[in-house]
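In the two complexes below, chain A is the common chain; its partner is chain B in one and chain C in the other.
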Partner chain A sequence: MRKNRTLIFFFMAPTVLCLLLMYVYPVCRTVLMSFFRVESLTASTDTWTFNGVDNYIKIFHNASFKTSMSNMMLIWLVGGVITLSISMLMAVILTSGIRGKKFFRAAIYLPNIISAVALATMWVQYIFNYDYGLLNQLVTLLGFDKIRWLGTDGKLWAMLAAFTFGSVGYYMLIYISGIEGIPRDMYEAATLDGASKPAQFFQITLPLLKGIIKTSITFWSINAATFFLWSKMFSPVQTEGSTVVPVIYLYDTVFGGKGVIERDAGAGAAVGVVLAVIIVAVYFVMNRLLKEEDLEY
Partner chain B sequence: MKKLLALLLALTMVFALAACGGGNAPAATQAPAAEVPAEAPAEEPAAGPVTINFWSMWNDGEPQATVIAEAAEAYEAATGNTVNIEWKGRDINTLLSSSLEAGEAIDIFEDDFNRIGQVYAPYTYDLTDMAAAAGYKGYDCFNNQAIAWAGYLNSITEQPQVGGVFYNKDCFAAAGIEAEPTTWAEFLDVCAKLKDAGIAPLAQDGAYTNFTFYYHLVRYLGEDGIAELRDNGGWAANEKAVQAAQDIIDLRNAGYLADGAPDEYPSSQNKLGTGEAAMVVCANYVTAEVNAAMGEVNWGLFNYPAVDGGAEPTAAYAGANSLAISSYSEHPQEAFDFIMFLVTGEYDQKMADTAAQIPADPSNTAPAALTGTVETLLSADKPMTWCGSLNTHAAWGDMKTLFTELFEGKYATGADFCAAMDALY
Partner chain C sequence: MYKERINWKKEARLLPGYIVVVLWVLFTAVMLGWILAASFSTSKEIFTGKVLEFASGFHWENYVTAWRTQNVSVFFGNSLLYSFVSCAGVLAISAPAAYVLSRWNFHGSRAIRLGLLIAMSVPAIMIIMPLYTLAVQWKMKGRILLIVLYIFMRVPYTTIYLVDFFSTLSRSYEEAAAIDGCSPAKTFWVIMLPLVQPAVVTVTIFNFLSVWNEFFMALIFTSTKEMTPVGVGLLQIVNSMKYTGNYGGMFAAVIIVFLPTFLLYIFLSEKIIAGVTGGGVKG
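Our next item is the complex of A and B:
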């Protein structure tokens, strides 16, 4: 069939235009803005003052930004290991032919269909509550003193536990779809050869899920880098050091916080660029570490 | 035919997209708002009914929103003008700058008077003449501050706030306390009596540890003294800062904080509603929050106690949500008239009663829970800020964590705490 270039152009034009306007332009403007002193996010470019890399120097010398990066790394690493491991475990169990698979799958996925705001409120105001919370009821039942779960030492971990609880179902579904794509005869052959279940998992399931694992790590990295709502819910009145993450820092830098009127959209843009670079870096590292082999099955 | 159809489809999509994005076009054609002089002369009275666009910081259904909507209806009935209210919610500050810069159709907007005075000032109308013509007085502490920031009166106080020690009068009565404490020593006596009566003296949520400790620091150092520490450090070398921290440590060690404090907001402050705790350091909205969550409390208020040898014995926190008119408003007089409708007389009283707030009109009456707040504000020259001498520090986030840790009992002495503060520099 003869290609009609004009027709292709006209069909592609709206999409390309949208992409340029709504994605490429903001990205370019943000990168550019990160090198300028800009107070307001939408300030006209003629009010921008060239700042070199001062915005980057400023944020990397800022104690709150460093704390936020440290929190983000903990969320990414600790939360990632826990969430992805539990998700994988659940996926393997649910694809092993156990009874009630549909029920358990729905039950584990359930937190994903509940509003994150409602979920976080339940964790903060009920489960972690000092006076009548579920955890402290259990603790006192066992004869121990009540614990301040949301104290400065434990708040990040409490938040992470709650977030992990809500995330497991999502990644579990991704793994289930991957595992169900692996032909059963491979497992049958392995069973006939005397391979144990753990051996089948490490020798068949894991290698064939490399692509899925890579995707889920990338998704998790994006989740960790753009972590915002849960941090807001665990620090509802004003940003707290124990739960601050880069996007919260960015938000406060660009818009100011409680009682804080100082704004710096240029520094906020620099934070955005740093986060984007981190996500891209993680993606490339994952690509290098988890090379997909072209397997046909 | 196919080509023609494809072309038509493509063009339709392009025009549809253009139409979708066209909403802001008129704004773009307006002169940049910042270039519009704030002292623009009052417009000629409009020939016929006009529409006033009002961006509110409340959400539809909230008590404040209900009163504003009622006032708008009454204003519309009285003048024939229309008030078009958009409920933007608490995060209105994330929208206002961009919208004002873009010349969005906003006549009146509502936000923290700090931001109106400092951030949005280039886009605010000079209300001096209209206020004088209307005989508007309000509270000097807010008016003077707005003029100091913007160079002219650029906002009208709508919902004033005042800080201090809010307490449950029934708890005081149960503990046999008759007089409100005015000094730290008297405050500790009150705490001891409350504790003996089985009532936790002070509720403290983690979200407000910075406010409580800042208040205490202000008593010792004043806001200027705190600003010096912010800029130059030297907390451990400052005896007053060390003593301020030591006071909090002693308060905690004496068992004067409510069980679990510093707790997760609003768990600790709600204990005033159950009578488990007697006092909380906060702004007046704590009364409405606790009443809404726990039922009516018999509230009392006293100023944060003075300390021996302190630099600032009486300053009280005062803040406000205020109303401003955009510098490019086409109907500033009508907008101002509506603001007056809202912040004086019947609807201001209704706002105070419905939302349990301090009236914006000092001639109105504060709800019983806020008795004395109007007088406090009227006598205040310069309001104490919300941690204003510290919250611009680069490590403010980490400072807040240290303040919470101070209440958690992580530091053995005030000197240890101050050394930790110095380590942030």
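Our next item is the complex of A and C:
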């Protein structure tokens, strides 16, 4: 087929424009901004003053940012282990030959389809509600005193539980498609050799799913690093130490939150760069791990 | 045809699995059911735990309050507008690009492919600040700003998704069209694009869900009530709850926001689930 330069130009131009305008230019400018003293986003570039890595030093000395990083690590580690384990459990159950597989799969994935704002509202205003919430009704039924689920101590865990509930379906789908890619005869042979179901899971399923598990860890890491919505919904008016995450900190320093006196777009950009570096590092590490062992079956 | 007989021994062995998934789904159903019931109840009934009794009947006025007084009608209309216009706009930009990328190698085509792949995983926080500056400089605001952002937000994913499908089409279609004197551009819109319709439908469903549920950009770029979509609108309703005390109305708003994507899912769950694991997720 003849190459038609006019066609190529007119068909590609909007996409290239989108790439430059929406991604290339903003990413470069954010990185640049993180090395300058920039007060507000609307300040013209003439007022920018170069200050090296001062923005980075500033955020890493900020108590709120440090809290947000440690919250992020908790969400990543604890939330990750719990979410990915439950997702794997659900995937194994749904591929074990139970009836109504399609229905259960669709029902467990459902929370991913709902607006996360609506889902978070359901959890905050119903499940965790002190006066009439589901959990406190169960607690009362068992004869205990009502619990303040959204008190300062428990809020992060409450948020994490709700987030986990919303995320399980997605990772479950990934695992199901992985498990269904494993040839059935491997399990049949193992059964003939007398291997129990748990042994089959640890000896066959898990090792063969290594690649997919690594992919899911990468996705989870990105979700943890860019965590924002759930934190906003659990502390909607004022940012709280119990639920603050880096993106919330960035939002407050750049766009202004309650109790933020001084806005600092440069520091905000530095937060963005730190998170982007974390994500790139995760990609890199996971790709390295992936390449080392390529399983064929 | 033999009817499959229930193998009780096998089912008994699977019992623990059944219990786990049934409990999980039951929890989901209880939550959604209670929210639905609460949306028809008064605040007093909600607080005294009498939601499921409907002692004072169904309070449809909660929906009327939410829709009119709490501006859900505005939010809902905006979200519909954003979703539909963005979906169409993304296709208009991405489909031609995906077609060209699948057909020819040209100067920079590899760079563009790579750029699209990277753009797909660029987190919003890395681009949001300069975009804000640009919007102020170019005096772009209101609904048009969010629509443009949403279109550009979905272009990388949509283009990458469609390239694979265009690659599977035989070149004989274009050759036949060229012999009949059909111009290359017309060949694309009239012959090639309809051929990838199933892929277009799937990717549009995902674009729709993504725009309808988008929150971060909407929070940053909406300055007035008139341009607020459902996600940010619902947050505002929840925040004003302290002053209005209208819990029934709030739950009605939750149901209204929840319903469109839920209905879409009821009819298209198989297609959506196949799309999640089919596109992009590889071990």
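The rule is simple: the second predicted complex is superposed on the first by the 263 of 297 C-alpha atoms of A that agree within 3 Å, B and C clash if a C-alpha of one lies under 4 Å from a C-alpha of the other, contacts with A are read in each partner's own complex, and residues count from 1 in each chain.
To be clear about the criterion, a residue touches a chain if its C-beta (ideal position, glycine included) is under 8 Å from a C-beta of that chain, and two chains touch if they have at least 3 such contacts.
None of these values were measured; they are calculated from a predicted model.
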First (chain B), second (chain C), both or neither touched by A:207 = neither
(message) Output check: A:67 vs chain B and chain C. Expected answer is one of first, second, both, neither. What do you get?
(response) first
When the two structures are overlaid on chain A, which partner does A:250 contact: first (chain B), second (chain C), both, or neither?
second
* Asked: Between chain B (first) and chain C (second), which, if any, makes contact with A:41: first, second, both or neither?
  -> both
Chosen between chain B and chain C, the partner touching more chain A residues is C
- Contacts of A:7 with chain B and chain C, given as first, second, both or neither: both
Inset, instruction - May I ask you to decide whether A:235 touches chain B, chain C, both, or neither, giving the answer as first, second, both or neither? - result: first
Q: Go through the superposed model and pick first if A:18 touches only chain B, second if only chain C, both, or neither.
A: both
**First (chain B), second (chain C), both or neither touched by A:137** = second
- Query: In the superposed arrangement, does A:148 touch chain B (first), chain C (second), both or neither?
  - Reply: first
Chain A contact set shared between chain B and chain C covers 4, 7, 10-11, 14, 18, 41-42, 124-125, 131, 236-237, 255
Chain B contacts chain A in the complex at 3, 6-7, 9-11, 13-14, 17, 32, 93-94, 97-98, 101-102, 114-115, 118-119, 205-208, 210, 259-260, 262-265, 267, 385-388, 391-392, 394-398, 400-401, 404-405, 408, 410, 424
Per the touch rule, the chain A residues reaching chain C in their complex are 1, 3-5, 7-8, 10-12, 14-16, 18-19, 21-27, 29-30, 33, 41-42, 89-90, 92-94, 96-99, 102, 104-111, 113-118, 121-122, 124-127, 131-132, 134, 137, 170, 173-174, 176-178, 181, 209, 211-212, 215, 222, 225-226, 228-229, 232-233, 236-237, 247, 250-251, 254-255, 265, 268-269, 271-273, 275-276, 279, 283
Residue positions on chain C within touch of chain A in the complex are 10-11, 14, 17-18, 20-21, 24-25, 28-32, 34-35, 38, 46-49, 51, 92-94, 96-97, 99-101, 103-104, 106, 112, 115-116, 118-119, 121-134, 136, 149, 151-153, 155-156, 159, 171, 174-175, 184-185, 188, 209, 212-213, 215-216, 219-220, 230-232, 234-235, 238-239, 247, 250-251, 254, 257-258, 261-262, 264-265, 269-270, 272-273, 276-277, 281-283
Chain B partner, complex, touching residues on chain A are 4, 6-7, 10-11, 13-14, 17-18, 40-44, 61-64, 67-68, 124-125, 128-131, 146, 148, 150-152, 235-242, 244, 249, 255-263
